[in-house]
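Alright, structures below, take your time with them.
Shared chain: chain A. Partners: chain B in the first complex, chain C in the second.
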Partner chain A sequence: MVKINLDNVSKSYKKFNALDHISLEIKDKEYFIILGPTGAGKTTLLKIIAGLIKPDSGKVLFDSKDVTNNTSGERNLGFMFENYALFPHMNIVENISYSGRVHARDTRNTKTLVDQVLMMTLLTGRDDAMPEELSGGMRQRVALCRALLNLEQTKLLILDEPLKALDAGLRMSLRRELLLMAKSKELELTVVHVTNEQEEAMMVADRIAIINQGKVIQVGTPNEVYYHPKNLFVANFMSEINYFDGICKKEEIPTWDILKESKRGDKFYAEIHKVSIPIPVDIGMENLFAAYIPKDRIGEIQNGDKVLLVIRSNHMKIRLGNRVQQKRNAILGKIHRRKFMGVFYRFEVKLNVKNQEKIIIVTIPATSEIHHTFLENLEVTVYFPKELGILFKHPGENVIKEVLKLE
Partner chain B sequence: MIGETLKRKNLNVEIKWEEIQLPLSLKIEKFFSKPIYRKSLDSITIVFFVLVIIGPIINIFSTIFLNIPSISEDVFNDDLIGNLQWLNILNSLGVSFSIAAIAVAVDLVIAFPISIILTRYNFRGKKILDALVDLPMAVPTSALGFSVLLYWGIFGVEPGYTLIILGHIVFTFPYIVRNMKIVLEKADVLYEDAARTLGAPGITIFRTITLPMMKEGVIAGAILAFTRSLGETGATIIMAGLVETAPILIVGFRRQLELPSASFLAGILISISLILLFSMKFFTRKVGFPVKRVWPNIERFFSHKYFRYFRDALMMIILISIFLIPSFFILSQIFEGDLIGELFLGQDYKWVYLYASFLSSIEIGALAVAINLIFGLPFAFIITKRKWGKVITFLDTMLDIPIAIPSAALGFAIFLFWGPAGLGLFQPGFFMILFVHVSFSFPYMVRPIIGVLESANIGVEEAARTLGASNLTVFRKITLPNIKQGIITGSIMVFTRSLGETGATIVVMGSIRTIPVLIVDWVEANAFPSAIFASTLVILFSAILIFALRTVRKRKR
Partner chain C sequence: MRNLPTIELINVTKTFNEGRVLAVDNISLKIEDSNYVFLLGPTGCGKTTTLRMIAGLEKPTKGTVVIDGKDVEEIPTEDRDMGFIFQHFEIFDHLTVWENVTFGLEMRGYEENYIIEKAENALRTVELLDYADEFPSIFGNPGMQKLGIARAIATGAKILIMDEPLGSLDPKVSKVFRHELRNLIKDLGLTAIHVTHNQEEAMAIADKIIIMRAGRILQMGTPYELYENPNSIFVANFLGETNFLQGFVLKILDNEEMSIWIRLGGPKLNCNNFGNKFNLDDHIVISFRFEDVYLFPKDYEFESSPYDWSKIQLFNAKLETSRFIGATKRFYLTLDNGDKFLSIKPGTFEESFTAGEELIIGIHQDDIHVFKAPKNLIYELSLS
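After this line comes the complex of A and B, so read on.
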């Protein structure tokens, strides 16, 4: 049973602000992902939770108890390091039983416990192996065991990029294992897991905190951060995006009925509808475009504001010619380049918006049908369901350039 | 061809071939990049190495072997004094070894916490403290020894056994701290963090995690300090009083031209040092620290932060009172006594001697750097780049010999080999001093270059080679800038070692004086103000050098 609160935590190294007034709540038994690019302050945040670094200001609370001044050892948590940090001069059993020995727990007890853990992680019979003799996956397991055996009443497991050093196939299966273990009835762990891969985050997280440049940008379930990103950075971090500049035409709202659309039977849509409201946007085409915005952000955008309409490349759809029924959110264009990416096709479609050429990325699952139909230089219509359009107040060209790393 | 074709087609193009051809420097480099030149450079380097370093050592053993009768006569069965000489030798060896052992033990006790403070803590003035701890390594030991003599003189410590220990602690300490710092900086804090999250208290972390990772540095530093203490002459002469250490005895034998006794003692010292060196190479891999046992409660109790504060404070006090202040105490004595009268107005023109010996010290140091650079660079390349298997391992081990054996003994071995008693090529004097200095400082040049060569990015060189650069061009344009740091570090190390050497110089110097020898002479002659002035001069000079070294290193980061 452990609930973690970070209250206004700041940390800086010389002049560099690693963490800037961060407040977070991590619930009991939650699988909590901290997601962000390299150098965002993720590891610093983890180390503050673990008590390896003392914050310059702010408090760390475990179950509402202030532990800011407690040492890492007193917090009794399991910490799995990037590259695992298995002690190179000790064999597996010595590594795993290290915390048992330094805490003077009953050695016989530890011995059986270690055996059990080894059994659980398929490592029996290799107990005198040195860490360097093990494969990446095995090292990860040993490191995990070592961390788990340090848990007492505080069932908190901290994972610092646990899958980074592994190859792709192993990563998939270990993700699943991690999740199963965290949620298993015997353990019921609270997990804080740092990563810079959105796919990993999506797969295992109960909630995700996205941090950048030492600040928490957004906290939410994978669904929330994916469909309702708080800003362009979050939207772009989760997958490849397209964007249009536009102007909000809020007064012309009339025609869409949220409830009616939600009765289509598509549960997914309905769920979005509960929390979001459609907004008409003029992006310079003859028709108004539309996109949804979460209710809590509705005040952010006023009528006549410059806005940014963002659509993920995998939410764009593509049809040959102008065979699209719905006039809204559809633009005529020409396939400029087509690339087979394995699981999906990636199209660059050249559009004409406001008399300017614009390239839009569309990705669709690869099927043989697509292979034959959508060829380069063909006229196509690209469109997107308004539920999947994401609307931001226009952050300015500089911010767009910075976030999307455009030159 | 192209030019001719173009001309034949009556095109008005004239191609100046000179412009297209390689510039002269590249052409020369291309010419000398042929394997034969590389091979001949390799062989010259190895011949140099063998002659300068291995030859004299083999020679001293063969000399001992060939002169067994005269040795046994001089050492064991002298007409007048019987085996007194042998007892003297035994006694001096005992003194030397016990001093080295005690000094290293004391150093180790202080060096562990100090090296951790210098690498793991962050505080204001850390860099200054770091530089101060390093500085005595660059200062001639005779100046240091004199400073120590003056400092402990206040507390009534007379020259003798205790004072030698106190002095040796001072000048061996940096070697140990430096080696520990290097391994501590390399050892990832990650492992210590991991142990911390697993609940281990500070002392347990140190003993079970940090110490095993520091192992090699600790042993290397301890052996280096031990051999330096064993071989030190200059400071020891000043502090010894009536006590005779082994190097002092060698110097004494040499002065009285008792060559058989001297070579016998030098041979013993060299053998012991070699045994130490090889056992170090062997044992660093085998020695383990007890990491399995843990005494949780005791260690947790002593890891309490008040103990830590207490320990750190105590160690800092010890560091300052027996190490830092004694090292630089002499600077405060500069205005004591009649300096002007003695140094400049005296009948014996001391200032002329000071000037001349300072010049010859600098000349010898600079020449030693130059020669070591010429042979050290190719040698470092041989060690890192050539794939000769066992030969490389052998050369690599041999390279450490000059560091390990007492410089007085090495000096004497070279004197025997090249001097009148051996090949007769050199007479004691400037060139022989230079020769000896080149020989004992050789590893100090090669080791840092090997270090940077091993960490240098080979990919860049290969990239340049694929672009068509000849080997020498690659070396000049790519490799050299990359290893510049190693070369500068090595050069300054060689220079300071040469500047500070006393024992080896005394053995081969003839009538020339270097600064450290001059300081010894003046202290023995009780000309304290002049000796203080000379020491101050050298300490300041070394401080500037160390400062230069540090700025160079900093730029590297």
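After this line comes the complex of A and C, so read on.
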């Protein structure tokens, strides 16, 4: 069993607060992702868990036992950090099976395990290759194999951006393999995995901790952080978003029944209705808009408060022509730019809100119909299902600017 | 009307180490003016060498580089009207933003009024004029790249040469900035050549993509053309996410559609427009995109649905698991013979399927591509 608790952990370098009072629980057999932008403190946090750095204050507990002062070796874990090093004078198999633990095993078993990890990482047949003959991506896969093979005695795997330098296709399949391996009946690992890629986190995590500027912003399942982000930072980090300034009209009766569930009674929307409450919002259009807010956050917003209405670009819908009267949460606009991106088509739609020009991003599955008929400069209606609108108390222009700035 | 340059490479070869290393192998290509073109391929495919020959930083061993109709063999880099944006910026951090832009203009000996006008315009275009007196160190990476663009357009560059300009960016930042980069360059009407190994980045930005491998051009075209009609297993695999299943040619029909029947592990498929490319019993690989796989419950009533199913190939598969990853939901499927493949749907897709359930899979005939099987498919699909 490996359960990890971080209790009020802080760490600073000179005047820079790398980690600021972090408390987390990582459950036994959990695939736990630490997600955040560059410089958020992710790697420092991981190194504290691995015992490579000591926190300035706070405690690290493994299975409720205080290991804050124990070395990495005493903590019994397998890890792969970003700056892994291979032994240049050893071939692939020698590199990955170089470990006291592996040597102590019977050789037949070791051979099977080696073959298994080589196959998983598409390195089968390259056993004799030397590190210098390999591409960067291959070397990274070798390092990953080595971390996996070191796992015999331990049930805790620590990974720091393990798939970073790999080509997109291989990265996707390895994420899947990592998850299957961690969850396999033979291994049942606890994994702590650091990444700055939202997609990677969603692919593998049981739960995700989103970290920014040394603080834990939100911890939750992929579903929770995606559909119920705690603030604008999390909402924006998980995908491309659109936002509108608005005013909460809690007490007003909206012009359309926002409580009504969709006719189809879809499971997905019904789920959201169960945990959330609809709120009418005035964003300065003729009709009131509506969005849902989780029940536990309902107290945050009072009638008349300034709010921020956030909609993910992939939750926006788009139709040709003027359908504003037929649709809810709908605005008339014009396709300003469009770009085919593969699975999705991305539109920048220019519209008028409060007599000001605004660009809304809409990404929808690319079909040949979209390709041939949704052309630039055409009039379109963009709208969104109220269940997918995300509401925050307005954080102020400065916060919005800070969150959305590109650095 | 401004006359923007086209770039043409005619039978260009480049070798290093006295011919021992063949970096670029007899390639020809044409880049139209005001086009945003990508050179895309895995490490070592020759894309950077090709870019450096266009820029005049390398001389071709054989062949000709033509810019604006002229052979540029004798024209040095600085006279090719080009601006350069690299992964590691090459911005002078001891000079202010303003000085970074005016530096090149002063070197060329322009008058002060002209320099001020050009620098102001350039910085306004990239929305950095407010930071003119600051040092570049206040910027994050996107700011640095925008300053690089300002510097290029101030000196009148008509062609932007970019080598992994988004390479050092945080993934989230890169995903946002790449649209901004494209919009800026399209609005300026520049011809841009952008080298990357990142296919998503190329798909998101490019007007045209040139895919290279081992010194050669495999395919070029718009992202839509390449995505819909890849000419090889490599291209199908490199752009987007694709299923590959192996099979044999079972029957070649003598019909208008030139269709063939294919036997996979279990199911048989009918594919059009391939009759003249294959022989009976040929070992083949079919490919289809993850998003082109339809999913139906076992008891779905096709007869009572309004759609035309005549071109949809239906077969059975088992759902192993599914995974929600935000914009999409991924379904992992297995055929009777154990072959695995994937389907993706939008993240809000309503699914009542459970793991282990038998499903009916549908793929439109036009979405299936057939290739001759390579000696080692696994190796062919392993790129990095």
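Going forward, the second predicted complex is superposed on the first by the 319 of 407 C-alpha atoms of A that agree within 3 Å, B and C clash if a C-alpha of one lies under 4 Å from a C-alpha of the other, contacts with A are read in each partner's own complex, and residues count from 1 in each chain.
Just so it is clear, a residue touches a chain if its C-beta (ideal position, glycine included) is under 8 Å from a C-beta of that chain, and two chains touch if they have at least 3 such contacts.
Everything numeric here is computed off the predicted structure, so don't read it as measured data.
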Next on the checklist: Just to be sure I read the superposition right, which of the two partners does A:L77 touch: chain B = first, chain C = second, or both, or neither?
Outcome noted: first
Checklist entry - Taking the superposition as given, does A:R146 touch the first partner, chain B, the second, chain C, both, or neither? => result first
Next on the checklist: Going by the contact rule set out at the top, does A:E402 touch chain B (first), chain C (second), both, or neither?
Outcome noted: neither
Next on the checklist: Between chain B and chain C, whom does A:E379 touch in the aligned arrangement: first, second, both, or neither?
Outcome noted: neither
Item to check | Which of chain B and chain C A:Y98 touches, first, second, both or neither | outcome: first
Next on the checklist: Touch test for A:D128: chain B only (first), chain C only (second), both, or neither?
Outcome noted: neither
Next on the checklist: Looking at A:A50 after the superposition, I want to know if it touches chain B, chain C, both of them or none. Which is it: first, second, both, neither?
Outcome noted: first
Next on the checklist: Let me test your reading of the model: by the given contact rule, A:F87 touches which partner, first (chain B), second (chain C), both or neither?
Outcome noted: first
Item to check | Partner contacting more residues of chain A (chain B vs chain C) | outcome: C
Checklist entry - Looking at chain A, which of its residues have contacts with both chain B and chain C? => result none
Checklist entry - In their complex, what parts of chain A are in touch with chain C? => result 37-38, 122, 124-125, 135-138, 165-170, 172, 176, 196-199, 202-203, 222-223, 226, 237-240, 266-268, 312, 314-315, 337, 339-344, 346, 348, 363, 365, 371, 388, 405-407
Item to check | List of chain C residues in touch with chain A within their complex | outcome: 42-44, 139-143, 170-173, 175-177, 179-180, 182-183, 186, 197-200, 203-205, 222-224, 227, 237-241, 289-291, 323-328, 332, 344, 346-348, 350, 352, 378-379, 381-384
Checklist entry - Can you list the residues on chain A that touch chain B in the complex? => result 47, 50-52, 71-74, 76-79, 81, 83, 85, 87-90, 94, 98-99, 101-104, 146-147, 150, 158
Item to check | Touching residues (chain side chain B, partner chain A) in the complex | outcome: 188, 190-191, 193-201, 204, 208-209, 212-213, 291-292, 294, 296-297
